[in-house]
Amino acid sequence: MKSEKTSPFGTGIFLCSVVCVLATLSCPPPGAQAEDPDSSLITIYTVNYPLKYFAQRIAGEQAGVVFPAPADEDPAFWSPGPDTIGAFQKADLILLNGAGYAKWVEKASLPRSKVLDTSAEFKDRYIKVAGAVTHSHGAGGEHAHEGVAFTTWLDFDLAAKQAGAIGNALSQMRPDLLDEFQRNFAMLARDLKDIDKSIRKIVSKNPSQPLIGSHPVYDYFSSRYGLNMKSVHWEPGETPSNEQWAELKGILSNHQAKWMIWEGKPMQASVDKLKSAGIGSLVFDPCGNAPDQGDFLSAMRQNVENLKAAFP
Amino acid sequence: MIDSLYIAWKYLGFNKMRTATLVACITLISFLPASLQLLLDESERQLMSRAVVTPLVIGAKGSSLDLVMNTLYFGDEVPERISMEAADRVWDTGLALSIPAYVRFQARGHPIVGTSLDYFDFRGLVVADGRMLAVLGECVLGARAAEGLGLGPGDGLVSSPETLFDLAGIYPLKMRVVGVLQKSHTPDDLAVFVDLKTAWVIQGLGHGHEDVTRIKDPTLILERTEANVAASAKLFHFTEITEKNLESFHFHGDLSSYPITAVIAVPKDAKSGTILRGRYLSKEEPCQIVRPEDVIDALLQSIFRIKNVLDAVISVVALATVLALILVFALSLRLRQREIQTIFKLGCSRMTIARLIAAEISIIVLLSGLLCGAMIFLVNHFSNDLVRMLFIR
Amino acid sequence: MIHIDDLEFHYREGEFRLRMREFSVTGAEKVAVIGPSGSGKTTLLNLIAGIITPLSGHVSVSEVRVSGLSDSERRDFRISNIGFVFQDFELLDYLNVLDNILHPYRITGALKLDREVRARAESLAREMGIGDKLKRAANDLSHGEKQRAAICRALLPRPSLILADEATGNLDPVNKIRILDLLFRNVEDQDATLLAVTHDHELLERFDRVVDFQDFRDEGAG
């Protein structure tokens, strides 16, 4: 007959074993992820930087906003690969600029239920690009649509509308966060309105002054603020060719501009040559992509400062 | 009993033709109603399960059955087209998720379903291999379509021309297979899914070609003005969308006027659904809105009414067959009278003789049962395809 | 072995009547019964076998009053004690030769089919010269082979009495003699009694006794 007494050592071993088993059972299985504290975040993908900025300002901590275009590419003409398109598809909200911005969207498959065309509200205010050549098939065929300007956010009134569309979409997705989104949107709208007011004030000094835009991206800017601007197709990082200089000369013959507005910092040689022709250079970065420093608001504020040079 | 079965088996084996005929008669008369019931049950299950989860379908006025069969089951009958404006209209109401569908073309016998990505979420379709559609020209295959075509991600699939000899008709488009869906045991398994715009490219409403504004060959240009260049019919259109020529693809005219066959509307709630349906009540309304469940229910009612008639006919035939079988047995006994007398003389009782006959009947019935069972098993195994063949396509 | 007393029989249909005063066959005797066609010889065999029962009188076989047994008793008695050999062989064409020989064992519970019986059937078949044809279909055999198979079937249960109704009727002269020799040899081996109805007068001298059926029938019977 076995002794009913058990040794203290044996009891200790038993208790340790029980504790170990319980500890093991309470551990998550291997491969299980620790609960993601951000799993309730709204995932937002955007086709340009301004929309990213607006979404971040409005959604705040409630969203993870992704703008996947590389920093050195113009998002309007960038084409994402299938993996990136796949990431867009999985987002909770896809923000499009509209007005034909980001041509890749026309050929991509995106779920309509998640897509927001931020400029849909003001489609009737799209600006057709002058001088665009369309094509058709056969004598009476329909034209292919080309030639609508797309930098809508440079009209800060339209920018506020785009931001408003984002705010509405977020509020519908998360009605419980309506107050927060509304608050954030109000602050953003105020900032955009300040920029709008500043530009109006600056430009009012000489609104009909002839100006040259280095690239045809200032249509909405010109339209909003009543600027007298014609555009060439010059790249800030390249010196213009002889044909390009000749084109400028042709424009200047009946549009005597004293200032060229660049979308990025121009090459010194270009600046010098323009100066010798009596044309100053100032940078008004459209911020289609993220600025090297600061954010959209700081970049626009800098743009406003730069603009003052042309309207003393 | 074993001995009776043994003798009966030998007798039946010796008279193969007679046995085979009897087995065939009993098998057929048992198989017909059973298989019919099976197929009808399966058709009800297939048709109804799909219809119940599809709240509303909007399409051109006309046959609601054709509309539902084409939209839900990708049936061959293509309803009259409506325009994309119908889908936009639903979207704009804010009452329902609007999923356009364009089911018109085929690729090697499989329906091409042009739709939006929302369709996949709506139907719970998940990619098993490869990835989801990303750009124009890509397609995703249903599980059984992939098996049947022997294709997987990376392969090419050419759409079938609508008619062989129509030179001005729809040209085949070579699509790129990028994914294969998980089996869903629905008609989606047999389909080839493309973005709606790809379907329009197949139709020729969208196309890609060289930049006409830069073409030098005068035979390719009909007319050139400052604002527009009109190209001639000689201009070559790409028959495959690749990374290199993707940019060149475009659409002419307003996309909202482009054709679709239906809009699947998923209302936010019951109230929204009711309101939405109310908007299509007007007589001037060119579109109709239907509840697939109602349409299929009506179809099944018709089928069951026909089935009742068939059941009555089969019952009469079965009765006639049974009577004929009884007659065959009776005549057979008469022919075997001498054999019966012999074994009676040898010492066989009447009960044993009855047992021998019963053993023969039992074996015949058992064989018929086995054969019938095997046939029903086959029908059950292929019921999915049979139902599609008989009731849908 | 067989004893008949004051037997009277007639069929339900028709006018045929049979009356016999007394008729006996001793054990191990080989008796031939002759008589004109329609005189009732086959009816006699059926009465002895207990297939039919007389209206009056007695039929005994091996001291058993067969005419007094019930249907099932007569059947069981018949299959265990009496072997039948028919003129037309009466083999079942859907069974092979072995199965035909074993057939009585399959149609009654009174006989038990076991390995010993199978071995005996094969041995009997070999004796009869059809040992190599056991797996053949019955229809594939010649007349003589068929009758040998029928004799095997009749002899297999080791009956004490063999009733042969025109057993050589359908055989050619050579086979008649051959079959009769085989039958006689096996009957003698088993110490059985043979009662054979026959029209073959050339074979009569081989029997122990020849009985003219007319001698045992009462005058006036139909």
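A few points about this structure:
Here the chain labels run A, B and C in written order, and each chain numbers its own residues starting at 1.
Everything below uses one rule, namely that a contact is a pair of C-beta atoms (placed from the backbone, for glycine too) under 8 Å apart; a residue touches a chain by one contact, two chains touch by 3 or more.
Just so we're clear, the structure is a prediction, and the values are computed from it rather than from any experiment.
Taken as a contact graph, with one node per protein chain and an edge wherever two chains touch, the assembly forms an open path, each chain linked only to its neighbours along a line.
Chains A-B form the pair with the most C-beta pairs in contact. Averaged C-alpha coordinates give centres for chain B and chain C that are 72 Å from one another.
Chain A and chain B have Cα centroids separated by 46 Å.
Chain C has its Cα centroid 114 Å from the Cα centroid of chain A. Residue ranges on chain A touching chain B, taken from their complex, read 79, 82, 85-86, 89, 103-104, 106-113, 133-139, 141-144. Listing the residues of chain C that touch chain B in their complex gives 46, 49, 51, 71-72, 75-76, 78-80, 84, 86, 90, 92-95, 99, 103-108, 110, 113, 153. Those residues of chain B that touch chain A in the shared complex are 91, 97-98, 116-118, 121, 131-136, 138, 178, 195, 197, 212-213, 222-223, 226-233, 235, 246-247, 249-253. Across the complex, chain C is touched by residues 3-4, 6-7, 10-11, 13-15, 338-339, 342-349, 352, 356 of chain B.
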